[in-house]
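What follows is one structure encoded as structure tokens, with my remarks underneath.
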Amino acid sequence: MSGNTIGRLFSVTTFGESHGPALGCIVDGCPPGLELAEADLQHDIDLRRSGKSHFVSQRREADAVRILSGVFEGRTTGAPIGLLIENSDARARDYDALKDRFRPGHADYTYQQKYGRRDHRGGGRSSARETVMRVAAGAIARKYLAQRLQLRIFGYLSQIGPIRLEPLQPAAAYENPFFCPDPQRLPELEQLLWDIRGAGDSLGARVTVCAEGVPPGLGEPVFDKLDADIAHAMMGINAVKAVEIGDGVAVVAQRGSEHRDELTPAGFASNHAGGMLGGISSGQSILVHLSFKPTSSIQLPGRTIDLSGRPVEVVTTGRHDPCVGLRATPIAEAMLAIVLMDHYLRQRAQNGDVVSATPDITRRAVDAGG
Amino acid sequence: MSGNTIGRLFSVTTFGESHGPALGCIVDGCPPGLELAEADLQHDIDLRRSGKSHFVSQRREADAVRILSGVFEGRTTGAPIGLLIENSDARARDYDALKDRFRPGHADYTYQQKYGRRDHRGGGRSSARETVMRVAAGAIARKYLAQRLQLRIFGYLSQIGPIRLEPLQPAAAYENPFFCPDPQRLPELEQLLWDIRGAGDSLGARVTVCAEGVPPGLGEPVFDKLDADIAHAMMGINAVKAVEIGDGVAVVAQRGSEHRDELTPAGFASNHAGGMLGGISSGQSILVHLSFKPTSSIQLPGRTIDLSGRPVEVVTTGRHDPCVGLRATPIAEAMLAIVLMDHYLRQRAQNGDVVSATPDITRRAVDAGG
Amino acid sequence: MSGNTIGRLFSVTTFGESHGPALGCIVDGCPPGLELAEADLQHDIDLRRSGKSHFVSQRREADAVRILSGVFEGRTTGAPIGLLIENSDARARDYDALKDRFRPGHADYTYQQKYGRRDHRGGGRSSARETVMRVAAGAIARKYLAQRLQLRIFGYLSQIGPIRLEPLQPAAAYENPFFCPDPQRLPELEQLLWDIRGAGDSLGARVTVCAEGVPPGLGEPVFDKLDADIAHAMMGINAVKAVEIGDGVAVVAQRGSEHRDELTPAGFASNHAGGMLGGISSGQSILVHLSFKPTSSIQLPGRTIDLSGRPVEVVTTGRHDPCVGLRATPIAEAMLAIVLMDHYLRQRAQNGDVVSATPDITRRAVDAGG
Amino acid sequence: MSGNTIGRLFSVTTFGESHGPALGCIVDGCPPGLELAEADLQHDIDLRRSGKSHFVSQRREADAVRILSGVFEGRTTGAPIGLLIENSDARARDYDALKDRFRPGHADYTYQQKYGRRDHRGGGRSSARETVMRVAAGAIARKYLAQRLQLRIFGYLSQIGPIRLEPLQPAAAYENPFFCPDPQRLPELEQLLWDIRGAGDSLGARVTVCAEGVPPGLGEPVFDKLDADIAHAMMGINAVKAVEIGDGVAVVAQRGSEHRDELTPAGFASNHAGGMLGGISSGQSILVHLSFKPTSSIQLPGRTIDLSGRPVEVVTTGRHDPCVGLRATPIAEAMLAIVLMDHYLRQRAQNGDVVSATPDITRRAVDAGG
């Protein structure tokens, strides 16, 4: 395997290039009996899809997903689920100018060095379009987790360039094209984006993802800590340069007395840890933050080299977002769903019959609240 | 597997509890013909070992590692390498008071919920002592990479609490017990540690690890990006709450024109990316930053619950570091070595006969410099 | 993963049910630069395809395979190769009678107990049709091995019911619908099949597969011996009940002096071992024999139970071969190609730079012969 | 990984050479709460151990196994279980004569070609001694399966050279050094062994292994069929040249009406399949047969080559069994236990909450019989 599979027990293997005939994936290990239809996947795919605002690249495909196997009479059978999206709007000619030169900040040069060749059309396999299959697969995990565990995953844009956003209304994030959790700041955000586009430049962003209702006990203690597998999944999203759990980089300046989350019979007194201790879920909400670099495709000319190593100039044309983090929220949610699903099955395999003498203090809190 | 193995082709599987009879590991997949002796591993183990200063916990064992297999007449044979360190100074009684109560910030509660039982002595499997085998295994990877690729890995403490440290003399990091890369600031650092110990509290820290001489082409483009596997390896170290690559969280506030590293025939013009593009090494130096939370075991009493869920108070006694990040540098280096070694073998498997028409601009730079 | 993937480095993941919308697979890890077109796969698929004689079930689809990714400008890129065959002739109604009762000798009952439900149409995922994607993926491995190593894989029917067949003309096996390597015995074989079909019954068969030109050194010494991985791949083909390497079950009655293959500077003096020693290829031809049980779907009524456990009678109607082994040769060849390809990459990963002081005695023999 | 690990969820990784310092393994994924002591493992190890008769090689070590981790207060904790056996009777000098020449039928030549070097002492990693750790790990699986599922595994010698043995008293197999299930034929068997030893030659053997009480539903339908994984595990035992399931090679000459096992409410009417259908356990007894080649180390001189490829003669001296299959029964039992344990956990992971409307006809039979 060359790294196109994620997950041990709930495993997702993807294929497809930006401008090839189709994108697809195989989801293996899904428990049988889950009600599943194409509409379940399409909802998340549409959230991720381009074309929702002026600021995400204008690709006009419907991105209609087909379920090709593993579902019979409306329910999963336990067999692998084949998914397919045909590429219909593949304007490969836009990219001819880039055939022989490497775009700075892109994978062009490294693909060339690794494989000795590359499909240059729209980034080929390194295109952000690759993530559509992650979203489709994640939707299956998400539905299972919601139905079986009442586990809920959500995310939002927590920073873009200089603007930090508080999740005042997390649900509102799904009602605007930027996944902004504070609708009052939308005008400010739009202005920033018009400005950066006007300058032919791009911006970085921070996205936050949360999971509520995670049972305690998910995650393996040493190398495959739950946070380690989350970090792997998130750092594997294009353009991510940092993954933080809970308080993240802020812990460097904290004291132990400030950071440690005390336990009480009514739950934890705080959640600096972000929902995991020793690599295992504690029952608290899982909190993950991703830092996205600014889009590398910008309209300001830059220096680069061509295939034979000679210096040339490069300017990006074609469809490009001024901020790649803008549509990353559904992707990050999907990756979190896949990791949690995989660890739920791993936990059931080894510890399916464990009974702990200690009550689940976080569930008790939930029950009290309900 | 319950997550005690890391690496696909160069794979490391560990076992052992803090206060059990021994710690061990099996390194599978090492190429044959590498000169290897116990002294090669002992050097790195000793760097990591406790007892080097007043500020790391006082365990008096020699931590002498034995090579039990896979080496014949001084060279690796290609067979799995079994490593063993016997625990000789296991004062388990120190921990009796903690048998029935969960230390905040530790894995006690989550182990109990996951497995229904736990080895409470010194944290059992969740002890920082588990990392000694990572260091031993990493030393093998490191030696191979150094000999075959002239690849060099080094690290240092880049921040502790409020003190940020610049790598003015990276080599100096190995000459003081804090891995501080700026010897002039040692007195300041010692004072901070005396103060925090006096307060019965602890501090967070940031560690930076680098790899120089990495060939371009390592890493798989989608889920197993080189940065994703590095993030997995690093986030799997106890107490790590954030992993950053290159400019890390700072990219959120950057512009594309500022972040993108332009290419020239003489090399990249900058290294904001931290040595990887699209998940594949570019030939530049790899830069990784880890944020360690403050030690959870502090002498200030805290609230917690006991095995049956009743509220109790906990105070830590026994051996504990005021800053867990202080001895993390060799561990982080070892994890980076393991990941790079694994990807070097993965790259050779699939692309062993690739020839690229494009010159390696980073090597050219190196050659020019030498 | 639920077992729908085979191979560590050259890995094949399949999906699809007999009467679902499509069958597909993802081949990950293929080296870049291999010339590849759909015609390369179609050749092997057509060999396997039904409809070639009166004695294999009459499904009329073209089984046209599409390459959806991983190939650009006629060569593999190193990205995963997505393959798809749409099901066009899916007469699911034929199977309605079997919806509520379990066919003896089939996977119906075990799927029901494992998953609590099943896609009963034509066996669903347990259909022999599942193997078409193995053949497609195997064709890629085969082409690579042929081009890079001059490795050649071929097979033939070595027994059907009471008739044992000698490989007098191995190449002739591809010129008749039974893969019979002795054309003179075709009339005898046809008569046997008319007789068994007339009786409404079915027959077992033995298939032999060989690989010539395998380099010495493939295979891992302990659990993943080359023969162990071949056994895994072959026993995973529907209806296989025995896998033999070299002399196979005959070794039980042999003496050591008879079995051991002596070494001479001009090659091995014999090949009782079937091309592997200690789990590693020796450079001799690999010889594998598979025993296929007789088709379970026969026209003689049999006893079974229905979904709720009550006794009922079952008679098979619909398309069925009187001997499932008849079209197994291309499948077995494909599985051998996949295993050898995977181990070639594994060998290159760990031992890519090994030089042995000992000459390859089998190659020397080949050279002498050429 | 270089193939020294078996099992996905219950995974066993081994190390150690015949004449190195020690043999060891790590068992990862064992459920917590299982009572486990060294004596549990020692029982099976002693069964396998050499020195029990005149016909198995005379190595005098106690083979005392130590549990180094994963067990606390007499029960497994869910952490990896480290096992170690020190080599105390390693007479390496016996093997000096073989340093420069390759024994026919052994892995000497293939190791040399694969790795460019080898530990020649007693076969190094390719020694039959490697299997002791399989037996130790298998004992853990066996105990868990027995306690949780009342699953029972047993085996016996079913043929040696020309003598076929019927399992008239399977339990008697554990009361003689040959695992012979028909005590009346022991004199005949001893005579055969004296004769073959007198001739300086060796014999092949067949071993049969069974599992009773296997729940229906274990095994994955396509590549990781339960029989495929059993074949992999068994063919990975030194000297095995064929693996048969149920009727095995005899199916070639059977008719469908004879082979198919009809279902009745009181159970299956026969067990030609050997306990699996479509790769999934049916609830019937699992039956596996292994064919072992005759020991390659014999006292009759043979032709071979030396390290530089020149023709030389070889005669084996030192400790050697006249029939390697004689002590294989506990090894085969252990491998079956490991595979079943792994698939039990895999089944629980994906299908832990499945309820089938169809009764388990085999259990009903068992209940009726009890």
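Going by the order they are written in, the chains are A, B, C and D; count residues from 1 in each one.
Criterion: a contact is a pair of C-beta atoms (placed from the backbone, for glycine too) under 8 Å apart; a residue touches a chain by one contact, two chains touch by 3 or more.
Please read these numbers as outputs of a predicted model, since none were measured by experiment.
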Discussion item. B-D versus A-D: which interface comes out with more C-beta contact pairs?
Written reply: B-D
Worksheet item: Taking mean CA positions as centres, which chain lies farthest from chain B?
Response: C
Practice prompt. Using mean C-alpha positions as chain centres, tell me how far chain B is from chain D in Å, no decimals.
Written response: 39
Practice prompt. Quick one: report the Å distance separating chain A from chain D, using the average Cα coordinate of each chain.
Written response: 45
Practice prompt. Provide the list of chain B residues touching at least two other chains, using ranges where the numbers run on.
Written response: 1-5, 8-9, 14, 29, 32-33, 78-79, 114-116, 125, 221, 346, 350-351, 354
Discussion item. With touch defined as at the start, can you tell me which chain D residues reach chain C in the complex?
Written reply: 1-6, 8, 14, 102, 104-107, 109-116, 125-126, 130, 159-162, 196, 201-206, 216-217, 219-225, 227-236, 238, 240-249, 251-265, 269, 272-274, 276-283, 291-298, 300, 302-305, 307-311, 346-347, 350-351, 354-361
Worksheet item: Which residues of chain D touch chain A in the complex?
Response: 8-9, 29-33, 78-79, 221, 345-346, 348-354
Worksheet, complete the sentence: Per the touch rule, the chain B residues reaching chain D in their complex are 1-5, 7-9, 11, 13-17, 20-26, 28-29, 32-33, 66, 68-70, 72, 75, 77-82, 84, 114-119, 124-125
